[in-house]
Amino acid sequence: MNFKVELTRRTGLALLLAGALAGGSLFAGKAAADPAPYPVKVVTLVTHSSPGGGSDVFLRELSKYLGKYIDATFVVENVQGGSGAKAVARVAGAPADGSVFYATTPTYIYTSLLSKPPKTYKDLEPLVNIFADSEVVFTRADGPYKTLQDVIDKAKKDRGKWGAANPASLERQAAEQLKHAAGVNAAIVTHEGGGDMMLNVLNGTLDIGVGEFQELRSQIEAGKIRVLATFNPERLPEKPDVPTVKEAGFDVQLVKFRGLAGPKGLPDAVTKAWDTAIQKVLQDPEYKKEYTEEVLVAKFIDHKDYPTFVNSFATTTETFLKETGAIK
Amino acid sequence: MNKDTWSGVVLLAVAGAYYWATGAIPDSTLEDEVGAVGLPHVLAAALAVLGLVLLVRGALAARTEAAGGPEDEERDARLPRALGFLALGAAYVLLLPYVGYFIAVALLIGSVTLYEGAPRRWTVPVAALGGAALYWAVFVKLLGVSQPVGTLFQGLFS
Amino acid sequence: MTTFWDIVHLLTGTPLILVAIMGLTWGILGGALPGISASITMALVLPFTYTMDPAMAIALLACVYIGAEYGGSIPAILIRTPGTNSSAATVIDGYELNRQGRAGEALGISLMSGVVGSLFGLAMLVLLTEPLSWLALAFTPPSYFGLGILGLSVIASMTGGSLVKGLAAAVIGLMIATVGTDPISGVTRFTFDVPDLLNGVEPVLVMVGLFALTELMSQSGSTSLTQLKESVRIRLPSLSMMNKLKRSQTIGCILGLFEGLTPGGGGSIAAFMSYNEARRWSKTPEKFGKGSEEGVAAPETANNTVASTALIPLLSFGIPSSNSTAVLLGGLLMHGLLPGPRLFEQNPQVIDSLYVGSFVAIIAQIGVGMLLLPAAVWLVNRPRPYRAGFIFALILSGIYTLNTSTFDLGIALALGVVGYLMRRTGFPFLPMILGVVLGHMVESSYRRSLVLSGGDMMVFLQDPICVGLLLAATGFVIFSLTRELRDARRAKAQHIRDHQTHGQEAHG
């Protein structure tokens, strides 16, 4: 039943990346610039999120600009259900001619590992990575904590109360690793998504929350929430005064990636076209303005290196889940 | 055996099966004190107790008088008839991926209409095809739901 | 500052009226299709709003929400199928009125109650967003546990005469709610490695299986027609009727306001609780379950109130309290609008058009409803065999849209068998549905509270909201049980009397 789990998924995703769609369109047309030739005419981009959800918005937004650089029409298809397992199965079974791709997020790794569906991330070929989301540690602005060290000190003396948005998620993993690295005692409370957790940070039930920057933007602007640190490997371009967790003295970092994957055996012509197009689209001034506003960090990984990246992410996750006993 | 006794037996069986299935829930160190199996164990126990109470009550009632259900239930369709109705739905679910949405819905409407005793006239196929066209227009065209095309015809449309 | 002329400009200078009525109509249609919930109806129009003016897009989505919350009551009354989760409570007395040939009246009551609830909710949204938003902040995990238990306490009055069977049904409902991903540790429970079960069993599948499929199965082959009279007319409630419904509608408004404010509550819990409260405060509680007008008015007022008050936490904190508001949030973000305190300062035109559009939609609901309802009534008036075929096909088509999954269809059919057996053996459906709806919230907030307190049970007694809600729940249970026992004794005495009279007549 879990309308709440469902809610989580939708909300979490809805908050990512959204925002920049004003003036967008359902189908991205071919733009005036000189697009590179492409073997197929229509490219379907599949996501497991519902219309308006994070990956959905990401794809629609991206496809608006892709037409300038790849000579094809882009269509977004929502294959919901099974936390992404069905979308993965849909893409894994599609012809490997560059006509169908799946929007990757850590979700598809988690689903593959936790529920062992018939088709997993191993049945897809990672194409390119495009972005990394910004993951931060935050607290309420009028609370007692000014730095991450304050929070750790409190957890050392007393007992910390930390929030993570979802039970089996990258944020949970980060919080557990931080607790371990700092060697402190903290209760890690999982929630039904970022909004639910933010309420508990605002009303003082929790010391800190670990979540996506995108979900906090309005409360940060309103001065209700203070960002203490980021789990990203580098500081956020928009918040240069916020240190990384690593700089604060704890060797924990995470990359919530966002890219594309296709069926196995993609031809070279296709992968090359994407390598070039994504690099160009990330430089597109209009698109850059939009995704920068969303606090998305451009993180291009080409087709040669992306499978290694995804596999090492999956291995780390699998190790974590096995250590905790969530999977055998 | 009367209805209460039967119900008690079924509840006990459900409780047992549910309890057995909790064995497959993995232990995780991310767990709280209650744990993922905490509530399921309580629920299994509660259902078992309720099942026992029904069983005993049914057995006691059987000795004194034959329990009769409310009038409303007696007018209901008998089990085989009701299951037959549902079987048409099950056939729809099984056929759907192969023959596609339009044909499956037409078959469902037609077969249910006949099963429910409509006279065998031209109106039945007309209603079935008309209904299928209507639902196809609403769900596939208007709402944009991707109802299955059907593997039989995949080559024709794509 | 919004002036009168800004409002006039909104109404005349832009197609806001058109947008509001289109959104409303779409919402009613989507809400009326079983399985297509309010959130799905909204998500389906979302892609079309990409190119719209942001103020219009948000107004459109809000109007779809209003329409969908109302639309769900139509199939609930006409074919015993709740069109949305929150109209499940309307099924009880709405369908009963329909069986008595009073469908037109029931539809009129649900229409007007919807309007009353929506207007109240909108007034709260416009006037009290700021003061009310603190209430959402006051809810900590223990408070949610109290709220969930209060919801479950309704079961005590819905046992249908047998406490043991009612409780057993509730436990089975709670068992269904445990399927899926564990809310605290994230391990999978009872999913048997089926990906379709990862997110659990959708409550609407349980409702459709138990209510609608069971009804279709039980009626199979029946010749005694529970068919409406051909001449049925939609009758808006008269003034004296509205007066009679005042109490239940007030209850619906208050509970709808409360549930809309608290994330996770949502329309279905508000509807069930107000149904129960309306019965408690009614002058004629014995009519509930046997075709009570108040039994339709209370839940329909409540779920329509929620459609507006759920926007309060959304607009002030950016926190969606239901799937539907999550879609609305997606719409806001898509247009670069960040919900939160600054939205009101930076984009007042969006807020204005949201308020004005909702108001237009609520008023238009009466007209649109009166136009659409006769068509709906005509449709369910076809000869029974055809009607059965079309309803069955409609249900199976509708629930497929939930996750585009044939697996969900299988679950619904299986629950149809369960429902049929429950009906034949005298198990009530409502406790099971409440268990499914509330199980997740009760379990996760209980465990979350204990994680916070380090296992100390005192955490529940230290939270004043939780204590208040738990006390209320205890009161409900005691009150309901004593009444159920009394009613059962009376019914038994009555039964014996009838039996004796019958016996004498037979002799005479």
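Note that the chains are named A, B and C in the order they appear, and that numbering of residues resets to 1 at the start of each chain.
Everything that follows uses one rule, which is that a residue touches a chain if its C-beta (ideal position, glycine included) is under 8 Å from a C-beta of that chain, and two chains touch if they have at least 3 such contacts.
What you are looking at is a predicted structure, and each value in this text was computed from that prediction instead of being measured.
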Open item on the list: Using the stated contact rule, I'd like to know whether A-B or B-C comes out ahead in C-beta pair count.
Closed with: B-C
TODO: Going by C-alpha centroids, which chain is farthest from chain C? Tell me that one.
DONE: A
TODO: Find the geometric centre of each of chain A and chain C from their Cα atoms only, then give the gap between the two centres in Å, rounded to an integer.
DONE: 33
- [ ] Could you please state the distance in Å, as a whole number, between where the Cα atoms of chain A are centred and where those of chain B are centred?
- [x] 38
TODO: Please report how many Å separate the Cα centroid of chain B from that of chain C, as a whole number.
DONE: 22
Open item on the list: By the touch rule stated above, which residues of chain B touch at least two different other chains?
Closed with: 26, 28, 30, 146
Task: For chain C, residues contacting two or more additional chains - done: 44, 182, 184-188, 404, 451
Open item on the list: Residues of chain A that contact two or more other chains, please.
Closed with: 167-168, 172, 188, 326
Task: chain B-facing residues of chain A, complex - done: 77, 167-168, 172, 176, 188, 323-328
Open item on the list: Applying the document's contact rule, which stretches of chain C touch chain A when the two form their complex?
Closed with: 39, 43-44, 46-48, 50-51, 54, 85, 136-141, 176-177, 179-188, 191, 193, 195-196, 198-203, 206, 263-264, 266, 317-320, 322-323, 326-327, 329-331, 333-336, 338-343, 403-405, 436-437, 439-441, 444, 448, 451-452, 454
Open item on the list: Per the contact definition, I'd like the list of chain C residues that touch chain B in the complex.
Closed with: 30, 33, 36, 44, 164-165, 167-168, 171-172, 174-175, 178, 182, 184-190, 192, 213, 216-224, 383-386, 388-390, 392-394, 396-398, 400-401, 404, 406, 409-410, 413, 416-417, 420-421, 423-427, 443, 446-447, 450-451, 455
- [ ] Spell out the residues on chain B that touch chain A in their complex, using ranges where they run on.
- [x] 26-30, 146
Open item on the list: Touching residues of chain A toward chain C in the complex: what are they?
Closed with: 1-7, 9-11, 14-15, 18-26, 50-53, 57, 60, 79-83, 85-86, 111, 114-117, 159, 161, 166-169, 172, 187-192, 195-196, 198-200, 202-203, 205, 215, 217-219, 221-222, 224, 293, 326
